[in-house]
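These are the structures, in structure tokens.
Two complexes follow with subunit A in common, the first pairing it with subunit B and the second with subunit C.
Our next item is the complex of A and B:
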């Protein structure tokens, strides 16, 4: 069945009430029945919930075949806990048919790729998938397709009991013996624990894994002892130095700076740019640099931001310290500078992924967002964006909050170079739709700006401000003239991943790629 | 940069009906957006092997560019191996030409 973004969704996916995507506000006003976890009673006075090993803690929490476990990825590339938990369940306890439900998956959890290949981990639910795990899923090594959800879609699915977590393994920079735990106060501080807090409320069992045990009570805490079954102390929860692959710093690439400057000029030309506006940006080179140019426009107009949202970098913290930002609502810290800023600075708050972006609750912050500046792997002439599959059809990306912020914001700006190597970023049809085109308003590339024709109001604003723009078809033509028109990818029937829209409907599916072979064995070339 | 040698000029202008691959020669690198072309002598015919990081979308075009370039040069015999890292057509063409030149001692190595 074809969905609202023109993608053919096979019927066998549409079981158990699963529907195709029917537009960004299709589920508005409908109800969800919230799941409740099974929660163990701790009636008897207890000195401590410390357990000597993760294995013992898992046994105490009833680890079993067919279970689902979760972890958060606040330590990003430096996370050890996800891999640690998988290893204990698979190797030490010998469990089978395990499902992993994580906020992301990447090189730090490469061992999970082995377990998928061995058929021990059989289900994957995630908001991002990179590295070898993406390759094995793309190769069709899972029996059931992986489910990819946005950062807002994940807590919605957990609340709707579409994902039921048996054990959440939550890395904490510090914890007391009862599980009051935090993303700071230890030796591997990651700052906001907003990726993990929601799991503690909905998982049947929560195990805190920390490398820094502190005196009771560890307050203020991000996860409360009332949600914690066991605390395990390990040597290291990760390597906080790897949170940012490189310290988020301002790019000096002139191409990226030009795009950032143009994106800031677009923002300044729209009516929402007034005192009390709200803003989110990613941490990629051009996106991060928008902060710098935005500061100049804010200074000129003498206005302040009411709140900055989402993943937080030092750049936005600096802007707050200069008095330009009243609140930072922080789900994740992209660098150690931001991780050191939260909890020490009034106005810099930790929020959960549900508060951030969940379309299933009654007040997600994304719905109050004026601007979001995002990147893209690909964007097509219908403004549909792909951030999950490479142009070779292999899973290697993360929707994160992309679809949520694009849908919630008044003005969503995509900043991306027109080409990357030989790949055309602006194309006829994206490999996979992760963010629907009607949520995307402006595209800024190094070869020009295009505005979604659905937003005639923004076109008028840009014209009035004298900002040149072209059609997205012109940008695509330019891209193809540089790199050549790509051949269409060829697919097998097997679906390897389902991409859910933020409301739980099916936005797209990723099939197994049929690799192209141009080397017929020993074939002689004749002119 | 050195001026093209007479052999180079003649090859590029298609003055030879046939250009031989006389010895193994390499041009290009494995850097992103480049292609490494290796040519080896063959007395059986002309064989082309392509590896590419953008195979699924550009494999056919890369192969066509390689064959077109060899045809233009007049190469009838040889084994041509291309390891492409997302190079544009102009780069692929230049690397193929250069490798063929080098197998004719018509270009210096080290680029």
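Our next item is the complex of A and C:
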């Protein structure tokens, strides 16, 4: 069945009430039935929930064949806990048919790729997948397709019991013996624990893994002891050097600066740019640099931001310290500057992924967002964006909050270079739709700006401000004239991943890529 | 005018996106002696295949004292560049030599005769002293620029933040260009990280009467544009002059006052220039 973005969704995917994507507001006003976790009663007085080893904690929490475990990825490439949990379940306990339901998956959890290949981990549910795990999933090593959900789609699915987490393994920078835990106060601080807090509420069991045990009570805490079954102390929860950089580097690349400047100019030309506006941007080169140019416009108009949302860098904290931002609503911290800022600055708040972006709750912050500036691997002439598959069709990206913020914001701006190496970023049809085009308003590239024709109001604003823009088809033509028109990818029938829209409908599927037939010299052979 | 190494395809493939008015693709100092052929190859294909849009493409060829300049000219003309920057130009004879080779190349490659324009890079005291005759040496000439690096060496001076070391040369060259009715551009500011120094020099350039500045980084472009563009106040006054002149001319009046100051025809011509420049800079939104 074809969905609203023109993707053919196989019937076998559409089981158990699963529907195809039918537009960004299709499920508005509908109800979901929230699941409730199983919760162990702790009636007798107890001194501590400390358990000597992770294996022992898993046994206490009833780890079993066919279980689902989760972990959060706010330690990014420096995370040790996700891999640690997988090793214990697979190697020490010998469990099988395990599903991993993480907030993302990457190089830090490469061992999971081995377990997928060995058939021990058989299910993957995630908001991002990079590195070897993406490659093995793309190679069709899972029996059932992986499910890719946005940061808002994940807590929605958990609440709707589409994903039921048996054990959440939550890394904490500090914890007391009962599980009051935080992303700061230890030796490997990562700041906000907003990726993990929702799991603590909805998992049947929560195990806190920390490398810094502190006196009871560890308050304020991000995860409360009322949700914690066990606390395990390890040598290190992660590699400090990879958890967060000292400061997300502001680009000095002229091309990125130019795009950032133009994105800020677009923002300043729209009617939502007034005192009390709200804003989110990423940490990539041009996205981060938008902060710098936005400051100039805010200064010029003498206005302040009501709140900055999502992943946080020192750049936005600096803006707050200068008085330009009233609140930061923080789901994760990209650098040590932001991680140090969060709990010592009034107005800098930790929020969960559900509060951030869950379309299944009654008040996600993305719905109050005026602007979001996002990147893209590809964007097509219908403004559909791909941030999950590479040009080779392999899973190597992360929707994260991309689809949620694009859908919720009044003005979603994609900033991307027109080409990357030999690949056109603006194209006829993206490999995989991860953010539907009806949520994307403006595209800023190094070769020009295009506005989604659905947003005639924004076109008028840009015209009025004298900001030149072209059609997205013109940008596509320019891209193809520079790097050529790529051949279409060739797929097998097997679906290796389902890409869910934030409301749980099916936006797209990723199929197994057809292996190239190559001769002894490594050249492609066509039959 | 932004300099780009002609040997770097990654740079020259889309150098126009940054909004400089001209790009100078350099075959001279930026290219190692044993890479001149490779640079010409890359340049030729860029010129033939890339649409630089409204951005003027000038190529700085090697000096006339090298074995490269004639082949450079063939490559530039065949590729269809808008103009050639003659490096180390010191005399009208230098211009005429280049002009002859350009004409030969235009005929060889079937390019419209006279299409390829010329500008002189004045890099020595001799070049500065001969600026006027250089500028008048060919109808293809559209302007000149001083090259600070070589010029300072020949004058035994270092770069100074107040520009005192090149004040006389800049003044001389400007007068020659104005006398010839051609354009005049200042040298580049070499220290990209010294933004304050760069900006001070750009402001000084404008006050002296330059038409523009050479830059070596896209980061420097915006400030040059902002500084050289007429200010709203200048535009408003120029508009007033143009409108008043039209009214006074209808009434047969040649000299009159605007805002208490005496004005006549030369004021009107300058006002028209300001309006045209404002239009070119994209800062004029009136109806003249």
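Note that in this section the second predicted complex is superposed on the first by the 511 of 527 C-alpha atoms of A that agree within 3 Å, B and C clash if a C-alpha of one lies under 4 Å from a C-alpha of the other, contacts with A are read in each partner's own complex, and residues count from 1 in each chain.
Methods note: a residue touches a chain if its C-beta (ideal position, glycine included) is under 8 Å from a C-beta of that chain, and two chains touch if they have at least 3 such contacts.
Every value quoted in this text rests on a predicted model; they were computed, and no experiment measured them.
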| said: With both complexes superposed on chain A, which partner does A:257 reach: first (subunit B), second (subunit C), both or neither? | reply: second
| task | Once the structures are superposed on A, label A:40 by its partner contacts, choosing first (subunit B), second (subunit C), both or neither. | result | neither
| request: Please indicate which partner A:322 is in contact with in the superposed arrangement: first for subunit B, second for subunit C, both, or neither. | output: neither
| query | After lining up the shared chain so the two structures overlap, which partner does A:494 touch, if you call subunit B first and subunit C second: first, second, both or neither? | reply | neither
| First (subunit B), second (subunit C), both or neither: which does A:447 touch? | second
| field | Residue contacts with subunit A in the superposition, subunit B compared against subunit C | value | B
| query | Can A:187 be said to touch subunit B (first), subunit C (second), both, or neither? | reply | neither
| Between subunit B (first) and subunit C (second), which, if any, makes contact with A:274: first, second, both or neither? | neither
| said: One more residue to check, A:299. First (subunit B), second (subunit C), both or neither? | reply: neither
| Is A:466 in contact with subunit B, with subunit C, with both, or with neither (first, second, both, neither)? | second
| message | Per the definitions at the top, what is the overlap between the subunit A residues touching subunit B and those touching subunit C? | response | 482
| note | The residues of subunit C that touch subunit A in their complex are 13-14, 17-18, 51, 217-219, 282, 285
| note | In the complex, subunit A touches subunit B at residues 391-393, 421-423, 482-484, 486-487, 489-490, 513, 515-519, 522-527
| note | Residue positions on subunit A within touch of subunit C in the complex are 252, 254-255, 257-258, 446-447, 466, 481-482
| said: Taking the touch rule as given, give the residues of subunit B at its contact with subunit A in the complex, in rising order. | reply: 32-33, 44-50, 53-63, 67, 70-71, 85-89
